[in-house]
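The structures considered in this document are given below.
Shared chain: subunit A. Partners: subunit B in the first complex, subunit C in the second.
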Partner chain A sequence: MATQHSRSTARLMMAPAVILLLGWMLVPLIMTLYFSFKKYLPLRGGDLGWVGFDNYVRFVSSSSFWPSVSTTLIIVGGVLAITLILGTLLALLLDQPMWGQGVVRILVIAPFFVMPTVSALVWKNMFMDANYGLLSYLWEFFGAEPVQWMSQASLTSIITILSWQWLPFATLILLTAIQSIDHEQLEASEMDGATVLKRFWYIVLPHLSRAITVVLLIQTIFLLSIFAEIFVTTAGAFGSKTLTYLIFQRVLESQNVGLGSAGGVYAIILANIVAIFLMRIVGQNLDK
Partner chain B sequence: MIRKTSLGVAVALSLATSTAVLAETITIATVNNGDMIRMQGYTDQFTKQTGINVEWVTLEENVLRQRVTTDITTKGGAFDIMTIGMYETPIWGANGWLIPLHKNVNFNTNNLSAAYDVDDILPAMRGGLSHEGTLYAAPFYGESSMIMYRTDLMAKAGLKMPDAPTWDFIAKAAKAMTDRSNDINGICLRGKAGWGEGGAFITAMSNSFGARWFDMDWNATFDQKPWADTLNFFVNMMNESGPKGYATNGFNENLSLFQQGKCGMWIDATVAASFVTNPKDSTVADKVGFALAPDTGLGKRSNWLWAWALAIPAGTQKEKAALQFVEWATSKEYIELVAAKEGWANVPPGARTSLYENPNYTKVPFAQMTLDSILSADPNNSTVEPSPYVGIQFAAIPEFAGIATQVSQEFSAVYAGQQSVEEALAKAQDITNEAMEAAGYR
Partner chain C sequence: MARAVSLNRKTFNTLLAWSLGLLIFFPILWTILTSFKTEGQAIADPPLFFMFDWTLENYAIVQERSNYLRFLTNSIIIAGGSTLLGILVAVPAAWSMAFVPSKRTKDILLWMLSTKMLPAVGVLYPIYLIFIELGLLDTKIGLVVVLMFINLPIIVWMLYTYFREIPPEILEAARMDGASLRSEILYVLTPMAIPGIASTILLNFILAWNEAFWTLNLTAAKAAPLTAFIASYSSPEGLFYAKLSAASTMAIAPILILGWFSQKQLVRGLTFGAVK
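Moving on, here comes the complex of A and B:
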């Protein structure tokens, strides 16, 4: 039973951490809000006064806005689908007892530790380059015309790179979930004549549902803000401009800080909607 | 005893600080072009002469622009010298972000030494790097664009390149020179997104087709016929005779294609002439001819004007040292230094009048064509119909870089076959008008 005194001591002890966290979050947030209501053009002398909601209206009414939203959705959806399906299969595979299990698991997880810019460059130059990329050799070996990955299949390429990066994360979480399945239950169902598919569908998958939501939640939040992979591979060309990239474009390429900040505020709202929505699902799952 | 030690410490300290002052280090942001890389190789000479150390930050063109623009607008102070071009210099100079190098009106504030001979800088370059008569950046090299073509392939195709060809001739020649089975493309041109890459090329080309970026009221003009003509002509010609995947080819990609003998013609920066005729790097060094950039008979050619120049951001702590470097790198002596070590064909071109009067240099096969191309470019009068902006392959307004990068991305998507010319032009029209509205022009 905490006394009044010990409670206030506890608050005092926590204060530095809380203040630091608040500052970390609030200062950029407030600055973004502040700039989003200003006409702020660094190349035209900086602060040109308050403009109300002009920047907000301009950002969404721009012809680049809806294409960037749909690009974002395609990339996030594509990566989620690939990582979840392949992640589940890989997790099932890695759960099997085999020789050199430890090494294999480390190798599978490795891509997650490669920096985004590095992995994007490796993919772009060593795999997807149309002249000397590994994939173009493969295509030529089978007598096909090599694909210009970055220009002709820009979204597919970016989704591939991102999936490669995020697959280990999904695999890791799903694998730990699979390992916690009660094996007696599986054996019992096997004795009762349940096929592999049925066991997967009725026992493994329901057991994984919580892990899958966690993967969904965390990946969505991170994928909404991917930037390095696009910057390094296509620099926003060939229809690969996401919402995040559009904000970067507004602030740094167009040097319109106010407009970009308004976009930033939209992105914050969007990310929070997704987060609240997904947290509810997780919460419901946890209650079960 | 104590006094002695403290004295010793004081002496040691003052010695340490004085050597620190002597070994001053300046940081220079530059672009990864051949001439700049070469200059980095000679930095030791500068350090030997002056005792000033130099630290290089070498970046790809698009990245360099973003880095230095962000640094100058936020007064970041990361660089003592920035490599910028004709687009940035007048805009930044007008904002007071650069240290003036030379003033016409008030000679008292001249920062350049007499030996530097500022009047030797080519008037076109000096004009483009000044704002209201004040020079803000010293040209390291200047360029226009011209046609570089393979004389052997041209002869094989049974054609003769005129000194001043038309686009129709170029398209015809490109088709005749293309030999897909031997991997020879009739023509290689820039398609890469970015206003300084493919954007610069298509804008310069559009001038010769009678197009312009803005009408006199700053409205975008992508909905008008000249732009559709330009883009359709370009796409048809490149699909017929260009290399595959040209949508991602910029200056460096085309340079390596040409050097490997995979291009019949290449229209690009005049500085490339030195690289394609250098037998060390080029397999076709002895088979290259030059001609003026093409036109369509409307009175404007499709060559641009550009200079990479060194500027000193206002607010640097090391103005003196930076100025010393700028003078050294853009001096006549530097040109002679490079000439002595690597031959006259490899000196940084296009910056100084004296270079084109030097008998050693006039012997270089591309010298005259380079000078002619530079002299035929007029940034103040670049379009067939009147336009409200200065600049040939760009419009010298702060918003242009952002707009043109997006527009060139839409064009690149056409080159990659992702959308039609009409779709791209409609998007370009929207992008440009929206940005001009946001900036308060319309």
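Moving on, here comes the complex of A and C:
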């Protein structure tokens, strides 16, 4: 039983982690808030005084803001749709009896372990290059005109790369959930004459709903802040500038720290809206 | 629970799953194959699959030209250092939350998780500024600290879920036998916790190895790990596919191998116990 003594020891053991994380969270956050209310140009005069909500207004009214929001939504939405649908189908398939299941799992999971800069560069050059990429050969083989992927179809390209990276994650988590389905219930319903579609709709999908929600939320949080995939492919050109990338450009490329910080605050708010839902699910699970 | 399945259906499943698996794996396979070609063969029309003159020269050139080993060392130090530092801080915390839970344990865990949701770009400049002030820009120690912070919530969470699976009765029994807190931790808990700690190290090493926001933004020449090394190959066009492939293969090979061992931990670590 926990005594008074062990309680205070416990608190002491927890202290380093809590204090460090608190500092990691608060110090930069307060600094970002501070800068966001200032006109601050490190290379052109430095701190030029308080400007109230000017940066917030200017960030939203700049011509690149709304395009960046829609780009972000298209990328996140596209990747979520692709990975969830294909991930569910793939997980259902991998749950079936087959030979060499372990090897197939390994093949399917592999892309998740490839570092973002590698997958982005390999796709950009070796697959999507208009002259030498494999996809161009494929297109020519079928008599089609090769696509200038990065410039003509930048969002499609980025969504493809990201989906390839995240499909393993969705598949793995959905597979874990599928394997915990009561297979006897499935067999019973099969004997009662339920079709494959009906079994999927009334038994499998409800069972998966929680896993699907978790995949959805976690991927959204990661996808909202993707960076390397855009940095090494289009560098934000051809309409591929996400909110994250726009903020990065404001802060580090054009060194307008005040404006970028205001953007950062928007990004933090956006991420927190998603996070609240995720935390609720995780929290419920803790009580069990 | 024997699931009677016809041979036909099993064959069909196998063929379909293998085709899809190979399709998903293909970009990696293609990269590995291309790394053994000459630059001319790498862009041959039609593409060459296995019938080419296998060569190791790309690996030699990549090492010679860009000193691959230095980036590799940086990656190992940064990923390894941040993971171990994180474990040092997290083990006591996870320990006390799992074995001496209080009313606030759940809140603290959720709050730690919430720090993970903070978008990096939102605090890019403050961190950048702090790094300049402290002379940490382009240093390994700076990245070790930042990546430790990034992964600390996941480390605490994973350890917590592992520790919670250790039955508390065992602790009580040890205490009854007169074990001190120190010997209780050293001789009773640690041996039981080692598999969980090892899994946590594995997954977080992988996550730190692949981290590509801070490693790109906070390094230049000296401390750059493999993520930045690869990004330096992003020149727009040209006859460099074989070298790009060799560099990529070297950057991902160690992690692919480690990753295959960590499938289960992946689910536990990245869903925070919400999917089992």
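Going forward, the second predicted complex is superposed on the first by the 266 of 288 C-alpha atoms of A that agree within 3 Å, B and C clash if a C-alpha of one lies under 4 Å from a C-alpha of the other, contacts with A are read in each partner's own complex, and residues count from 1 in each chain.
Here is the rule we use: a contact is a pair of C-beta atoms (placed from the backbone, for glycine too) under 8 Å apart; a residue touches a chain by one contact, two chains touch by 3 or more.
Remember, it's a predicted structure, so these values are computed and weren't measured experimentally.
> Will subunit C clash with subunit B on subunit A after the two structures are superposed, or do they fit?
Overlaying the two complexes on subunit A (C-alpha atoms) leaves subunit C and subunit B fitting together cleanly.
> With both complexes superposed on chain A, which partner does A:R199 reach: first (subunit B), second (subunit C), both or neither?
Touch partners of A:R199: none, neither subunit B nor subunit C.
> Does subunit B (first) or subunit C (second) touch A:L252, or do both, or does neither?
Once the two structures are laid over each other on A, A:L252 reaches both partners.
> Contact-wise, after the overlay, does A:H207 reach subunit B, subunit C, both or neither (first, second, both, neither)?
After superposition on chain A, A:H207 lies in contact with neither partner.
> By the touch definition at the top of the document, which applies to A:G236: first (subunit B), second (subunit C), both, or neither?
The first partner, subunit B, only.
> Once the shared chain is lined up, is A:L43 touching subunit B (first), subunit C (second), both, or neither of them?
After superposition on chain A, A:L43 lies in contact with subunit B alone.
> Touching A:Q152 in the superposition: subunit B (first), subunit C (second), both, neither?
First partner only, subunit B.
> Between subunit B and subunit C, pick out the one touching the greater number of residues of subunit A.
C
> Looking at A:S62, would you say it contacts subunit B, subunit C, both, or neither? Reply first, second, both or neither.
A:S62: touches subunit B, not subunit C.
> For the combined overlay, can you note the least CA distance between subunit B and subunit C, rounded to whole Å?
Least C-alpha distance after superposition: 5 Å.
> Enumerate the residues of subunit A that count as touching subunit B in its complex and touching subunit C in the other.
252
> Give the list of subunit A residues in touch with subunit C in this complex.
1-2, 6-7, 9-11, 13-14, 16-18, 20-21, 24-25, 27-29, 31-32, 35, 90, 93-94, 96-101, 103-119, 121-127, 129, 131-132, 134, 137, 164, 167-169, 172-173, 176-177, 180, 183-184, 187, 210-211, 214, 218, 221, 224-225, 227-228, 231-232, 244, 247-248, 251-252, 257, 260-261, 264-265, 267-268, 270-272, 274-275, 278-279, 281-283, 285-287
> Where on subunit C does subunit A make contact in their complex?
Counting only subunit C, the residues touching subunit A are 1, 3, 5, 9-10, 13-14, 16-18, 20-22, 24-25, 27-28, 30-31, 34, 43, 45-47, 89-90, 92-93, 95-97, 99-100, 102, 106, 108-110, 112-115, 117-130, 149, 152-153, 156, 172, 181, 206, 209-210, 212-213, 216-217, 226-228, 230-231, 233-234, 237, 241, 244-245, 248, 251-252, 255-256, 258-260, 263, 266-267, 270-276.
> Would you mind writing out the residues of subunit A in touch with subunit B in their complex?
Per the touch definition, subunit A meets subunit B at residues 39, 41-45, 58, 62-64, 130, 148, 150-152, 235-239, 241, 249, 252-256, 259.
> For a test of understanding, state which residues of subunit B touch subunit A in their complex under the given definition.
Touching subunit A: residues 62, 66, 69-70, 73-74, 91, 95, 193-194, 244-245, 247-248, 398-399, 401-403, 405-406, 409, 412-413, 415-418, 427, 430-431, 434-435, 437-440 of subunit B.
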